[in-house]
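Input: one structure, supplied below.
Chain IDs A, B, C and D follow the sequence of writing; residue 1 opens each chain.
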């Protein structure tokens, strides 16, 4: 059975180490913030100048001077800090962001990421901070459904959409599997409960193999 | 005596000319100098190039300036939102030019102008369409593109506190682009919620030193873009 | 849990290796992490490259490190003062390498490393001997030289206040190089006069966010270099 | 009669406009700070991260965390601010420093400045912030004795010492005269009381002429 969006976010969140500095992309990756493992202190970065983002505030506590990159009201944890945009991207490019979790239109078997433009001629191009973050973070992973709404693979041999950054993605968390990327292409390291490797491979558009010791995603009770 | 306080929004706009490039602080609604933008509409300058992270929401602030037909070109990282109706229409009609810049590169180009350095090499956008036409060069193990400083004639920014020397503090994440834009313009105009006596801002806590600021105008109760959008939706 | 506090100066030194490049904050005595430098002598690492605005005074702090023969190369803007006796002697004996960098270029090269950008073009030093051997290029009306980011393995900085996440504030002009050096090292170690509870530093007033800091050590009463120089002069 | 060092500093200070942001070099230029015209608010910048420097403190009030570029204790005026070194030189190079007043070993008739090294083989090279400030300030002037201690001209046709920056100096204040630099070389615009143009020209090593309306430096009563 494929995972729900919250289950996908939960699974991704389990891999975030205590003490990590993390940027969560807009959309599905934002859900990761709701599933951070208890007992770990994880510092969320937002490119608009925040370290130490906390959860969404109560409706009565919303402050539109304290929003995340998705323009949604957030809170600040004790120990958090504000800084300007150039300092914010210094954290990103300067090697101080341990992990970014981004959404994707396509991920290639060589780690290329396409997540900002479908290249449609009538689309208004808009990139935000995705390119900077994909290149700057020490580790870049993707959280996305395994296929598009009309069933096309998002994990592909080569991206057909304009790239966000070449060769950056190390792991993809989908509703079907956890998939690493190595020199040989996609490697399934965990499968969603009830999903077989063949089903994943059939929905993948690039070279994929079953990893040694591939297990089942253990979801919370 | 140094007194950068200006009595009115209209007076603050006087240095702005047709064809100017203007930095506008803000990230979404947070930190956007909406009242300065409205004064700019009143002022009447045309053919402007606006540097702003987004492209305006609803029909006020930057969106109102766009709607008034004053903007020739937008330079931004993310000109798309659920409420960017005015920009969408102009762009699809071919009535406005757009330069999309990755957000971190946008910030760094602005800062480079403010720091008085020349072009710099940056890894961001290498291998993507946004690097098309740019000089690409390898240093060590990485490829870089050459990026140019982005200076403006005027910066319009929103601050929390100001004094007559132009020292500024900001509020929470509304700080965003304001400190670097203040550095990177020939003439920087700040709207501030509070004007305080000289010396009232702790010198350790000044975020933008007065040297980067030319004019300060008090706007005690700035418009909330969010509230305005909500109000517009009400029947 | 994030706890960057380290119990002792000696423990803080453990990541330092022979041959490391080390950023040291300070401008003259102001902001120099003298206790960290003394701990570095105890630690014993050799063949170091030190980036510091000056070249040490008297016989303590950086001067003591130089005197102990641990430094292969100094990168600084002004390695000369009335009290820089140790460096003078080593330099004249050919026992130390020196790279002189204009102070603003030094700061900008450090910041470029911290910001993760590549080389940048700068007007400073064009037409002078310090531009010899550097790529020179014209953009618009000006000539520029290409300057490279200056990253360190370790930064040793002095702060006023720190919390367990590594957020830092500084005191007056002792801030100088510390915030940019903290950004530009793989491992940043700060000595701080006060350690405070998480949340005790106003998030608007954090100068160096904890992301740039790896270890914090309390030095409640740092040595005054000035007092030490005075004392050394007394009969 | 040639001017004293304080008179030279006083004369220079009269040309600083109300509201100017100014950097004073180490040594003789530091004296300018003691002679700022009353009634003008002038903001002194120090490259170690200070705007709004005030006078030297009383001996009991010295704080070695608040020193100027010459490492001497100073004070901070209300309205002053502290910032880090990169921001400090952003002020310098970014066009926000109206004026710098520097010392000099040599100034050339084409505006070249040499003030950091005599090129002596045994000298330890040390440049500090002079190159950045000479290039960055909107206006660069020099305050210096007209000749060296052994009587050699400091105003020369071409600098023989290593340059600080080419073509930057607009005006030189000496103990003998105020000398502008234009396309034709040195132009004497004011003479010290009792000093004739010929005496100045004789002590100058480059093309020099008497400016139209050249007057006498009016010293304070």
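The definition used in the following text is that a residue touches a chain if its C-beta (ideal position, glycine included) is under 8 Å from a C-beta of that chain, and two chains touch if they have at least 3 such contacts.
Predicted, not measured: the structure shown is a model, and the values here were computed from it.
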Between A-B and A-C, which chain pair is linked by more C-beta pairs in contact? A-B
Using CA atom averages as chain centres, what separation in Å is found between chain B and chain C? 34
Indicate the whole-number Å distance between the mean C-alpha point of chain A and the mean C-alpha point of chain B. 29
Between chain A and chain C, what's the gap in Å when you average each chain's C-alpha atoms? 36
If you average the CA atoms of chain A and of chain D, how many Å lie between those two points? 56
Of all residues in chain C, which are in touch with two or more distinct other chains? 108, 111, 115-117, 122-123, 170-172, 203-204
Among the residues of chain D, which are close enough to touch at least two other chains? 76, 82-83, 86, 89, 92-93, 136
Assign the assembly's chain-to-chain touch graph to one of these shapes: line, ring, star, complete, other. other
Which of the chains touch, listed as pairs? A-B, A-C, B-C, B-D, C-D
Contacting residues of chain A [partner chain B, same complex]: 46-50, 63-67, 71, 76, 82-86, 88-89, 92-93, 117, 122, 124-133, 135-136, 162-166
Please output the residues of chain B touching chain A within their complex, sorted ascending. 27-31, 77-81, 87-88, 91-92, 98, 100-108, 110-111, 122-130, 170-180, 207, 224-226
How about chain C: which of its residues touch chain A in the complex? 1-2, 111, 113-117, 163-165, 167, 183-184, 186, 198-199, 203-204, 206, 209-212
Which positions of chain B touch chain C when the two form their complex? 108, 112, 115-123, 139, 142, 144, 148, 169-172, 203-205
Taking the complex as given, what residues does chain A use to touch chain C? 18-19, 21, 41, 43, 45, 51-52, 76, 78-83, 86-87, 89-97, 136
